[in-house]
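So, here come the structures, one by one.
You will see two complexes here that share chain A, one where it goes with chain B and one where it goes with chain C.
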Partner chain A sequence: MMLDLLVIGAGLTGLMAALRAAEAGLRVKVIAKGMGALYWTPGTIDILGYLGAEERAVQRPWERIHELPERHPYRIVGVERAQEAIEWFRIRTAELGLDYGGRRDGDNALTPSPVGAWRPSYLLPAGQRAGDAEDGRPMVIVGFQGMRDFYPHLIARNLEAQGQAARAAVLPWSVLSERRDRNTVQLAEALDEPKTQQRLIDALRLVVKPGERIGLPAILGREAHSWVLTALTQELNAAVFEIATLPPSVPGIRLATALRRCLEERGVRVEIGMEAIGFHAQDGVIELVETATSARPLKHRAKAFLLATGGVLGGGFDSNPSGRFWETIFDLPLTTPQDRRRWFRPLFLDPRGHPALRGGVAVNDAFQPIDVAGNVVYTNLWAAGGLLAHADPIAERSLEGVAIASAVAAVEAIKLGSFAHA
Partner chain B sequence: MKRMSTDVLVIGGGSTGVGVAWDAALRGLRVILVEKRDLTHGTTGRYHGLLHSGGRYAVKDPQSAIECIEENRILRRTHAHCIEDTGGFFVVTPEDEGDYPDRFKAACAKVGIPCEEIPLREAFRREPLLNPRISRVFEVPDGSADSFLATHVTAQAARQAGAQILIYHEVLDLLTEGGDGDRRVVGARVCDVVREEEVRIDAAITVNAAGAWAGKIAAMAGVPVNVIPGKGVMVAVNHRLVNTVINRCKMPADGDILVPVHTVAIIGTTDERVSDPEMLTIEPWEVDLMLQEGDKLVPGLSRSRILRAWAGVRPLYQEGYTGESRDATRALALLDHRRRDGVAGFLTITGGKWTTFRLMAEKTVDKVCEQLGVERPCLTATTPVPGAEQGHYWLGHRLHEVEEARLQGDLICECELVTRAMIEQAVANNPTVTLDDLRRDVRLGMGPCQGGFCTFRAAGILHELRLRAQEAQPQTDVNGGPPWNVAYLQSPRHSVQTKPAALDSRVSPLDNPNLLLRDFLQERWRGLTPVLWGRQLKQERLDELIYLTIMNVDHLPEDGEASPLTEFWRFDAAAGAKEDGQ
Partner chain C sequence: MAPVSWHSVDLTLDECIKCNICTSHCPVSAVTDLFPGPKYVGPQAQRFRKGGQLRSPDHSVDYCSGCRVCNEVCPTGVRIAELNARARAQIVAEKGLPLRNRLLGRNELLGKLGSFAPALANFALHNTFSRFMAEKVMGIAREAPLPTWSTSGTFRDWLKRTRDQRLKSHKKVVYFHGCATMYYEPFIGKAAVVVLEHNGYEVLVPEQNCCGLPLLSNGEFDAARTYHRNNVSRLAGYARAGLPIVGTSTSCTLTLKEEAPELLDYHDEPATTLKLGTYDIFEWLRELYEAGELRTDFQPLPLKLPYHAPCQQRAHRIGKPALELMALIPELELAESHARCCGIAGTYGYKVEKYQIAMDVGAELFEFVKAQGQDARYTACDSETCRWQLEHGTALPSRHPIEILAAAYGLYDLERRDVVAEKR
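And then the complex of A and B:
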């Protein structure tokens, strides 16, 4: 039976879009080249952390959306629909055992980054909520001797400099593993084992003082995370939180894993390792997308297609030294300047971001890619997530919010549009 | 004001200045060297790494060619571990017509450069990616050199012989005595830019080895030295496309050298006269030209992933010369300002090239001895620097040692195989003020991710080291500097087997990890922006995700403060303001 919707891209956008479509009764499949950017991100849901050159973090993201550019994805979705989308995400992930929550008043939460800067996020997974700056209790940041991706002294120093009482403690590496060459994902897997958990609890008992919140690298279990978190909190009688560090990022992987399992249970296939290499369209209608797989190309036919390949970061865009910047599957028109002298600003940390990374696929109000004249490029193609024009989700700290809100809005439009007259 | 006195004051911590300090110290002279930033911060640290056989200059500039081949032979002994014995090819592509190849062969024979035409089959067997339309190949004893290591280890040798090396000491003014026609340079007023202290250095002779900045220094003594600043742009390719240095067999021009250096290959260079040695902006056309010319040596080079582009400024010198910098001589120029300008106690050494730095130093110190009225022979040609007994560099040595010593879990920079112990040794064993200094010591952040993962890790490690230093009793030398020991910095195994020296406990720029992060990220960005497209742009976006989304480094406390690199940081910001104004 022909698919109603083929989603290209398995990041947060693609997975949420597929889930939304499946809930609406569409036959949907996800294809993707790689695992998606969730494997790199801290697992928080960031709506809007910074606006333009403002030094201070945005306090209430929903109240500032109207200050974004007119064709920013949030402005197209609208605040109310975007809030609904985030609430839908929260409910669905709660059902999956991931307890996402934020501050009560709609403020951004602020949690320590791996260099001890406060990160503004709207929703935090359960494992990160005790790190919120709002809770004024002192922190002990606990690292492990020789762990190359976590520096508790650095975090404590910068938290102190910003008025948060914090100190650092270091536990022996042997608490976690006998092998030195373990990354955070492998350490999280080690902590799925009760024996390792107990070693960690015993070691923490020796360093934690009463009343302190305990900050640890985000390695508190991969599959057994909520169990590990509860065990530590209860046994130590202290608030415990994780700090997500360099990729691969365990909290992001937990979210990706839960969403993919949920889709599988609903009968939605998520096929990884499928790089789209071509497509066929007739009269402005896409008939199929071809992927490169071993020995032969595969053709994926569907009534509707959702492009969620994530722009530069996800590999959805490519560029070359002659200044060409293009969308890799359908060669959609991009707003990116086609002149590489205009792509970057001289300062890496320029708060305005870089023009090359703010450009992308322009869409109409139904999230259908349009050309310069405003005409829909293909009648059965939609786009959502990091590839959208007029946003720089990394500079804005809006990565997950843009992903979820635009994914939901695009699927709603697909439901209305393509199947009303199909 | 702190006051020091010496026989010889050397200005400039590039290969030439450090060579002069080494030579003079070996001859028993008291030496102080001042460098305004880190050693090799200027042109020495911004070149392609070619140890010339002299072939490149055999036809056009035989004097340079003779100097090159003689020095090539010497450096292979004295600085063995700083050199990879790659050998070099001069290749004739379809565009290189005419009688140049035969003239080249004859000229090599005349100046004594071993040069053998080898069968094409043999050449393609050794370098399979070479342009198949190449019609002739000549083999010469070119090599690949690590100018960072060579200069640092030469400085160590100089210190062992008694020289003082003061980095981050900028010359404010030269001290002169006497009136018109009878003037004399008697030292310099310098600023310790890290501690913001002024130091007066009295010297019998001052040697200006400031490279592209030599004109500025000479002007402080009222002496005109017209250095021809020839900007050269270089581009590093992700892969070591060749294992042999490849030169086009034609008159030297742009983009005709491809040098394998460590894990990458570097294509260079342009040669453009610029007005200011600090103006190292790279234009898109310069990168395009390098890639286009590179394709003629290795077809497809332009489609490789490009890691980085940078520019260095050659300090060329030719008395009275006003032409193009490409045609200016590469021969060394030693200016005796007593004879030339009536200003005694002052020499300028410029021109030349990295390969001839030892010879430049020798001639300079010969002149110094003559003017001081002492007669002592030069010893550098026969004195190996520390660590030379390790033999030539070879590509797999770090990987081999990491595997043998099982250090995989301690890799801080996976691209360049830098371990935690190597970083700790580098910081403890020679003055380190920024992460960029550390890059020059151990190649931190020079690989494909351009610091994406290791910048954060190195900042964390340095912060912990500094915390420990503040608690410990430091062992420092007479200048308060660390015990300079850099001969084995490149060795993962040696670094883990040796106990690092205790750190200097005085206040250091390293005490602010936030500025280290900010400045190194900016420094890497500077070299990336000219070549950011395709896969390297995707990598850069991941680096942004790391430093903005995950780390939020642009919202750290104190991140707006000055640091020893801030001048460059601001410099770039000014360029940005211009862009916005257009």
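And then the complex of A and C:
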């Protein structure tokens, strides 16, 4: 049976698009080279955190969308539809046991980053909400001796410098594990065990002062997360929150796992380890995409294809030293400068971002890739997420919002029968 | 020992962005401190390895089971498992190899020897005393699920015996049986033959060697090269003539396709022709199905069947064709395992210092099977050593998907593990 839709990429964009398509009754499959970029992200849903060269974080993201470039994915989707998409995400993830929420007034929340900077986010997982700057109560940032990738003193000092009362505390490694070395995922799995939870509660009792909020690395359980969070909050009678760590990032993994399971239950296959290496098209219609195997390329036929391979980090683009910058599967036309000297501004942290990162795949109002003249490149190809042109999701702090809004908009367009002739 | 070369595989290490996705999925580092994880012993230690260098920087690479889960999940395409296999070969080149690993690498020889007097061989190997001695003297774990030799003759004996009943057809396919089917589990080969014949194909079984994987995973690259050279010279001609070479052992076919050419830098025309002509049997049957040429006259098989696609199957990167085709069988209730690895990883779990690690790795899979409840009377898995480990860890009999398919065609008895209605 022919697939209606092949989604390439298993990040937030690909998974949400597949879910939306499955809900619409399409036969859909997801293929991806490896585990998606959710494993690297803090698990928050960022809509718009920074705008242009403004140093202050955006307070009300939806009210500032109109200031983005005209062909920014949000402007194509429109504020109202983007808001609906985010609300759909919130409802679906709630059904999956992930409680996403934000500030009541629709403002961005501000929570500590792994280096103690305030990160603007629109929706936070339950485990991160007590870290909001708005709360004002003092914080104790608790780390573990010898844990790589989490530095409580650095976080506390930087928060102090920004006017948030915070101090650091360090617990012995043995609270978490008898093993020599563990990464964040393994520590989260250790905290799924009641024994480890109890050891952590007992150890925290000795360091936490009344009235303090407790900030911990984001390792509070992988499967039993909400249970661990509730147990800590109740037993210690204090607000508890997670701070996302360097990758692998457990809150992002919780989201990826929940979405993959949800898709599996709906009969949607998510096949990992499949690197797209080629395709066949005729008369502007893509017939199949090929992935690398141990011998011959494997052919994936579908009526429609959605490209959701992400930006530079996700693998959607590649480049070479001679200045060529290309989209990795279909070699689509890009808005990115094809001159290496114009990829980056001189300062790495330039608040305006870098041309190489704002460039990408230009699409029409139906999220179909177009060339410079505005013509659709392939009649049955759509694109969504981090590879879209005119957005710089990392500088803007718009990664998840762009992912969800464009995934939904692209699938709506596919549903509208745009591929009826394909 | 020939020097181990560093080519295409080595180049992928520059793709590593240190994201740790591999380490968070590695089933071995999850259960033991002896293996720090793929990122550390793979792309990171690789920076300190140079061709011709005398000392290897990280011997913990020997605790890599070679399951390739790291390759599967890596978002940037680093060939971590291959880096590790080459690093292990480097250590073997430096330090030599214990007798045990030499022996475990030679399952074809062991198979042949035991088959002279299988009952005696089974008794000699499978008694408490000799397993105790094998552990003490050789370091082969006494509890490890070693196979038993077939006492009803080898697969080739059966082929000879039933020569007159075998289908002749202008449509032909070559079958690569592997050592396990030849000496321990001839019924897997029988099931494959009757399924292929049922679909109108004559099955050719030319002379063939061990694929060499056990040698590759024990770091004996030179001996593996000899095996592979023999297979290439015996089989490439069939591939060149357009005949598909299908195998029921996912690790043998993976070796013919990719492992041997890549690890041994063996890329001449005949080797490449063989690579491109080799298929996992379900990969090939799926192509028949997609072309509308697979017979689907399946009888209902009212079973609940937990299926585990083994690591070596997933390393083919062809999806799960066995699952897709078994899904066509009426009343067969499949449950798909997402466990990372059964732990055995070829000969890894046979070794006394690794047996417990292998069992701890497999726990995830054993628990998945247990969770399927009493209704599940069998498990299914494409790889022989994994089936033995599954049986060891769950106490349920395990079957190859080709046995399931043969049974659904009404050609095979799942309980007795033999073809039915064989004309005598």
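Methods note: the second predicted complex is superposed on the first by the 417 of 422 C-alpha atoms of A that agree within 3 Å, B and C clash if a C-alpha of one lies under 4 Å from a C-alpha of the other, contacts with A are read in each partner's own complex, and residues count from 1 in each chain.
Basically, a residue touches a chain if its C-beta (ideal position, glycine included) is under 8 Å from a C-beta of that chain, and two chains touch if they have at least 3 such contacts.
Note that the coordinates shown come from a computational prediction; the quantities given were computed from them, not determined experimentally.
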Q: Could you look at A:T245 and tell me whether it touches chain B, chain C, both or neither (first, second, both, neither)?
A: first
(Q) Going by the contact rule stated at the top, is it chain B or chain C that touches a larger number of residues on chain A? (A) B
Q: Identify the partner contact of A:E275: answer first if only chain B is touched, second if only chain C is, both if each is, neither if none is.
A: second
Q: Kindly classify A:R397 by the partners it touches after superposition: chain B alone (first), chain C alone (second), both, or neither?
A: first
Q. So, does A:L347 touch the first partner chain B, the second partner chain C, both, or neither?
A. first
Q.
Contact-wise, after the overlay, does A:T293 reach chain B, chain C, both or neither (first, second, both, neither)?
A. second
Q. Which of the two partners, first being chain B and second being chain C, lies in contact with A:S113: first, second, both, or neither?
A. first
Q) Regarding the shared-chain residue A:W40, is it in contact with chain B (first), chain C (second), both, or neither? A) both
Q) With the two structures laid over each other on chain A, which partner does A:H153 touch: chain B (first), chain C (second), both, or neither? A) first
Q. Regarding the shared-chain residue A:R180, is it in contact with chain B (first), chain C (second), both, or neither?
A. both
**Q.** Intersection of chain A interface sets (partners chain B, chain C)
**A.** 37, 40, 179-181, 247, 313, 315
Q.
So in the complex, the part of chain A that touches chain C is made up of which residues?
A. 32-37, 39-40, 179-181, 183-186, 189, 247-248, 253, 269, 271-275, 291-296, 298, 313-315
Q. Across the complex, what residues on chain A touch chain B?
A. 37, 40-42, 46, 50, 55, 57, 113-119, 146, 148-151, 153-154, 157-158, 161-162, 179-182, 244-247, 249, 311-313, 315, 318-321, 323, 340-341, 343-351, 356-357, 394-395, 397, 399
**Q.** In the complex, chain B residues that touch chain A
**A.** 284, 287-288, 291, 302, 406, 408-412, 420, 453, 456-457, 459-461, 463-464, 467, 513-514, 517-518, 521-522, 524-526, 529, 531-534, 537-538, 541-542, 544-558, 569, 572-573, 575-576, 579
Q | Parts of chain C lying in touch with chain A, wherever the complex brings them together | A | 17, 19-21, 23-25, 30, 33, 36-37, 71-77, 254, 257-258, 275-276, 278-279, 314-319
